[in-house]
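Below, chain A partners chain B and then partners chain C, in two separate complexes.
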Partner chain A sequence: MNDNETQVSQPTVELLSALEGRFPGAAQPAEYEGVVVAPDQLVDVAIFLRDELGYDYLSLVTGVDYPEPTTQFPARFEAVYHMSRSEGGEPLTLHAHANRNDPVVPSVVNVWPSASVHERETWDLMGIRFEGHPDLRRILLWEGYEGHPLRKDWQEVYYEEDNKPFSSRHPEGRPVQAEARAPLGRNLRYPPGWSPKAWKPEAETKVYSPFDEHIGGNGRSMATDQIVVNFGPQHPSTHGVLRMVARLDGETIQQLEPVLGYLHRCHEKIGERNTWLANMPFTDRLDYVCSMSNNFGYAVAVEKLLGVEVPERAEYIRVIMAELTRILNHLVSIGFFTNDLGVYLTFMLYALEERELIIDLFEMASGSRMMCNYFRFGGVARDLPEGWLPVVKDLVYERLPRRLEEFERLLLDNEVFRARTIGVSVLPGDVAVAYGCTGPLLRASGVPYDIRRAEPYSIYDELDWDVAVAYNGDIYDRFVVRFEEIRQSLRILRQALERLPEGPILSGKVQPTAKVPAGEAYGRVESPKGELGFYLVSDGTANPYRYRIRAPSFANLGVLGELCRGHLVADVVAIMASIDITLGEVDR
Partner chain B sequence: MTAQNSSLPEVPSELQGNVHLMPWDKFYNWSRKRSLWPLFTGLACCAFEFIAAAASRFDMGRFGMDIARASPRQADLMIVSGTVTKKMAPQVVRLYNQMAEPKYVIAMGACAISGGPFKEGYNVVSGVDKLIPVDVYVPGCPPRPEALYNAILTLHAKMEGEPIKSLRWYQKDAEDEGVPVPVLGPDMVDWRLMEEAATLEESK
Partner chain C sequence: MYGMGILKTLSVTVGRFVTTYVDDLKWFFKGGFGKRYSPEALPVRQSPRGRGVFTVQYPNERLPLPENYRGFPFHVIDPETGKTRCTACGICTRACPPQCIWIVRATDPETGKAKREPEEFYIDVSICMSCGLCAEVCPFNAIKMNHDYEIATYGRDGGEFLWDLEHLSKSLAHHAAIHPTDYAEEKAEQERKAATKAKR
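Right after this comes the complex of A and B.
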């Protein structure tokens, strides 16, 4: 890594001077972005940031592995924290270094409860132990898995080379299947000396470990037992492969834990082998309902590192696509929610009808119904095709407003819908912020936090629109917010379609193996589900050094246990559907 | 429909139009192919195209498939729509084992066929056929609903040609032991590979 990149940014300078006054000697500028805090003072610094500087919202905790010493620091593991103020503004970056042989960093769960799921993930994939975390189990893989895959010295079974394009892929011009190279002919590997006979599986038992004292009865014959129930991962109402374990007292939920990882497709390890641009189609498959928003987030993050300007027409096209995606996502989410309430299919078919019309537009523009892969660094892949604008205008001006009104009347005024949703699973605003919730889930609790407003990107600050917000924090309000967001999206779309300028759609040209300057960036956008962030570290080559996705669904799931406590077991699927998750994004 | 086959008995002229003669196999297979009930195994992105295929624009009801069943006990067809991860593999195999015979499997999308774009991932199974037998493969990422319909029609053609006399699951003492369910250890433990793994270990 080159060292002419060590310019310290303005927020970092301010933070450094604030920290120097309180904790002398504890902080120093990081290699690229933010400050490095001594691990033994991390928790005190965190409390200071939260209580006195107002950084009450922690987006992300992650880890980076540096097996080789850099110019400034020795070989180490780094825990990286991104936090911001819930009233808006740029996020702050904090680093804590840990010894590479026995990486330990104090946990900040007690400062920001949202850190819990992120710290568990960092332990799982990177192997950094967070001391003081109450329940540091693996979250995406399973207990008993061999190794921590995101470490730089960990290689998968089908390992070929560190970085793509692989020269080994086509020896003598003919492709060789990965199975042919693997010793067992499968994507499987067992540690040397391991024998299945002498081994006891612990993956399943560890899933139930938070419930241990309640399993097997309380030993008193006349007292009522609490029972532990498993939902999923194969269940029609889990929106994919989510699994939950709940402890019930009668029909009331006492405790509920989501069990994740059933769709963990190793995005980050694959992403670190890919070239920068090759990750774009992979982002489509994160939240597969709204691929355009994922493209947007990744493009924004990489453009921060590249420093390229996006032409105006491309910005407008991006916003049009992102807002169409928001409408699509909210309709689908409402449709699935009614499905889970027991209105089997009726409303979902209505919602899917509109979805088909929107994905037709995506198909016209990008060539694919779902996996659009439409954004490029510095613009979009291709211009809008002929005949696209009349179709989208008909949809935005004529059809969708009418349908929206019809849907609202159908659902929000419906007696059964109101009875099932009003006052159920109330989430207070401060709890929502503490757990790092974003998107409609947070805005339904009275916190008007929308990244399009809090840290404007693209052209959102030039457009006239309102942040949808509701104040009761129950399931009903989450859908009030979603309906209102569809209305605001239509408002944005009308402005964008009217002002859509002519001009180029891409600055420069697409270079599949383009190099990105060394540095780190955290780019975030408001995806329909909340804050979608990409934390990227570049070492100046054609591949990301670290590629971490801050998925809104994953962070929002951290509060599921809180939301369900005290409610009936029949409401669990409704509560879960009201968060609106996509498992592709939760498990990555 | 009149009897075309000369080996079939002649239908008296007054009964033609009321009596249809055809081989038992043909009739039986024709009936069951029209009421295939799919199991709802939405694993990943492809599940959305499966839902789109089932919804009003494409309408799977035309093939007698109407609503996906949530329980494997009621289903004949497992459409593996999405990436099979190692963590999910035990459940996929267990679902397959729980389905009553006759049962069919469609591998929908690149991931279910081979692992697709995520093949090199450490938690991804390189195709569902490494675990359970597959009847029809549908390429695409994700395949369009039309492609899924093509797979269903291909499966219908396969079912039509099945001789029920010799099919294993119609035999009197046919036994189905099922596929051994993998467990999660240091890696996914596929019991069928354990001997090979042990010899590999010794040869080192």
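Right after this comes the complex of A and C.
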């Protein structure tokens, strides 16, 4: 890394000179991307960035483990911050180094409230302590869990090797059926001398700890007026296994905390064992409603590292797929919302009919309805099959505009729908930005922030479309925005289908164990739910060194407590459905 | 006027209700007496032009699968040799995301050298994620994705899901039947190769 000076990018140089003027000696260029800030000045630098340089929107806080010293820096934990301006532009990367034996970094929660959930996750999975965080509990794993899984020296239960492909597969395969390694009913062993009956779980008491100061006896006593109520994790309206703990005064929510992790599978650890290509089908399983968008995000991020060009036809196919996914996701979201309001299945099935037609198209092109695995680095997996374009044109030109008009007639003027949604859970724009909300949730609060416009990727800057935005910030407006986005997606689709060029669909060849140049990249796309970001670090091998997902549902859940405060219990279901989350992506 | 929105909503649902029956009635006489999905009805009623409900009475009625459909992998048996096209090169084991493929490469008993064929080939379909990467990277067109989706068994701890080479083998005719376009391309490629060879 001796020629480091030449590699520093232009925005980093500008940032460094700006920081040098205010905080002499606090910042230096990072190994790959962005700047390294001295931990003791991190909060001051963060306030400076937010107030004077306009970086008001923090996307992601994460950690990277470097157990071995590099030429430039000693062995360390790194806390990595990605932030951008809510008026648009490229994100900025900030690093803070922490001692590997006792990693502590000051918390930036007071600068950007959105850091709260991300810092809790980083503490949980990486074990970096954020000094000054008001509520630094584990978020995805339970209290009492041993170790921090994303550290490089942590090994899972059925650990085989650090990296795939495993050597036991070829040429002398010794097959073991997965079932034999974890036999049904006999896969649980207690440590010697430990009995489940004598054990008092600490995890549950920690869940109620934010409510302690208001309620005696950990919320299980009726001594005060306020009581603590659990929603879920097995509740039909939570769209999966989400649990919410609420403190109620009568029927009014005083405080609400989501309890996450019931669907946690340590996706990121799996991702770091996998090869780069093998992660592509795993991204399908994040937000399983819109797998094409997840593929898109991952492909964009890896292509940043690889530096490959995507052929034009592939770009068009990608955009067509991504916009179909957006329509599909919003239809599902609106459909399930009416279901949660208590309209039951009528409208939901209307919406699912249209979704069914779209996923039929995905199946024709990619081979699977939901787990598409369609994108490759530098293109897409296969060309559009014969007979695909006539069907999609029928759908985009004829059927969907008619249906969209019908759905709006059905819902938006309906007095019952309006009574339940207008003026409920108003989210002001500045609060939405501070909490790192993205997607329709943010745009319904009057902030026209859309990554397709703010930091255009693929061919979005060549197409003619508008950012959907509404200004009241209530539930009703979130759905107005979704309907408008479907209309804009149709507009994009019409242009893309007309201009779809002939040509190759993939540059290069699909290579299973291809190496990726060392570096780091934060690639982000506007998934239907918000900003979907992939933060990748490569050490130049065939496996990602760090693979972190900025899931829009997860970040948007950080504001749930804020949205629910002061509203009725009956509205919680509606508020949650209006955020539009998928638990596969929240818990990862 | 208050209530107009609700009436508008009801007009949509009533319209849908009527359309469904009108559509059923139309096809009742038009395509195959009383059959929901006669050969003429299927491509229209299951497409964006469909007006009524999309319900299919599985397992009595089944929708045709698109050619690209990815079920679980299978081996294509070459009719000339009666053996799989696989040469035990191991590219699929390297591509497989859940690492559910095991290959035992055959060795020549006389010379002790490795042969270009598998002695055994296992796929654990209980962890296979049907991603299709093995079929995509196979340079010999030996692995293809099957269209069989009914693979439930009565047990799972007796190795029911660890499929061996015998279980995985399917005839070339099966491959040609479910992947017509793919097979035609394969043949064209073969002919092109044969032609260049003949030229030399």
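Following the convention adopted for this analysis, the second predicted complex is superposed on the first by the 542 of 588 C-alpha atoms of A that agree within 3 Å, B and C clash if a C-alpha of one lies under 4 Å from a C-alpha of the other, contacts with A are read in each partner's own complex, and residues count from 1 in each chain.
The definition used in the following text is that a residue touches a chain if its C-beta (ideal position, glycine included) is under 8 Å from a C-beta of that chain, and two chains touch if they have at least 3 such contacts.
What you are looking at is a predicted structure, and each value in this text was computed from that prediction instead of being measured.
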Chain B versus chain C as contact partner of A:P281, first or second or both or neither: both
First, second, both or neither for A:P512, with chain B first and chain C second: second
Partner chain(s) touched by A:F23 [first = chain B, second = chain C, both, neither]: neither
Which of chain B and chain C A:G240 touches, first, second, both or neither: first
Partner chain(s) touched by A:R418 [first = chain B, second = chain C, both, neither]: second
Touching partner for A:N187 - first (chain B), second (chain C), both, neither: first
Partner chain in contact with A:E353 - chain B first, chain C second, else both or neither: both
First (chain B), second (chain C), both or neither touched by A:H264: first
Chain B versus chain C as contact partner of A:M371, first or second or both or neither: both
Chain B/chain C common contact set on chain A: 160, 178-179, 183-184, 281-282, 353, 356, 371
Residues of chain C touching chain A in the complex: 2-6, 8-9, 12-13, 16, 46-49, 53-54, 66-70, 88, 90-91, 93-97, 99-105, 114, 120-122, 124, 126-127, 129-133, 136-137, 145, 156-157, 159, 161-162, 181
Contact footprint of chain B on chain A as seen in their complex: 140-142, 144-146, 149, 156-160, 178-179, 183-184, 186-196, 199, 201, 203-204, 233-236, 240-241, 261-266, 269-270, 273, 281-282, 285, 288-289, 345, 348-349, 352-353, 355-356, 369-371, 583-584, 587
Chain B residues touching chain A - in the complex, by the definition given at the top: 40-45, 47-49, 51-52, 55-57, 67, 70, 82-83, 85-88, 91, 95, 115, 117-126, 130, 141-142, 144, 183-191, 193-194, 196-198, 200-201, 204
Chain A residues touching chain C - in the complex, by the definition given at the top: 160, 164-166, 168-175, 177-180, 183-184, 274-275, 277-282, 346, 350, 353, 356-357, 360, 363-368, 371, 373, 381-382, 385-386, 391, 394-395, 398-399, 406, 409-411, 413-418, 510-513
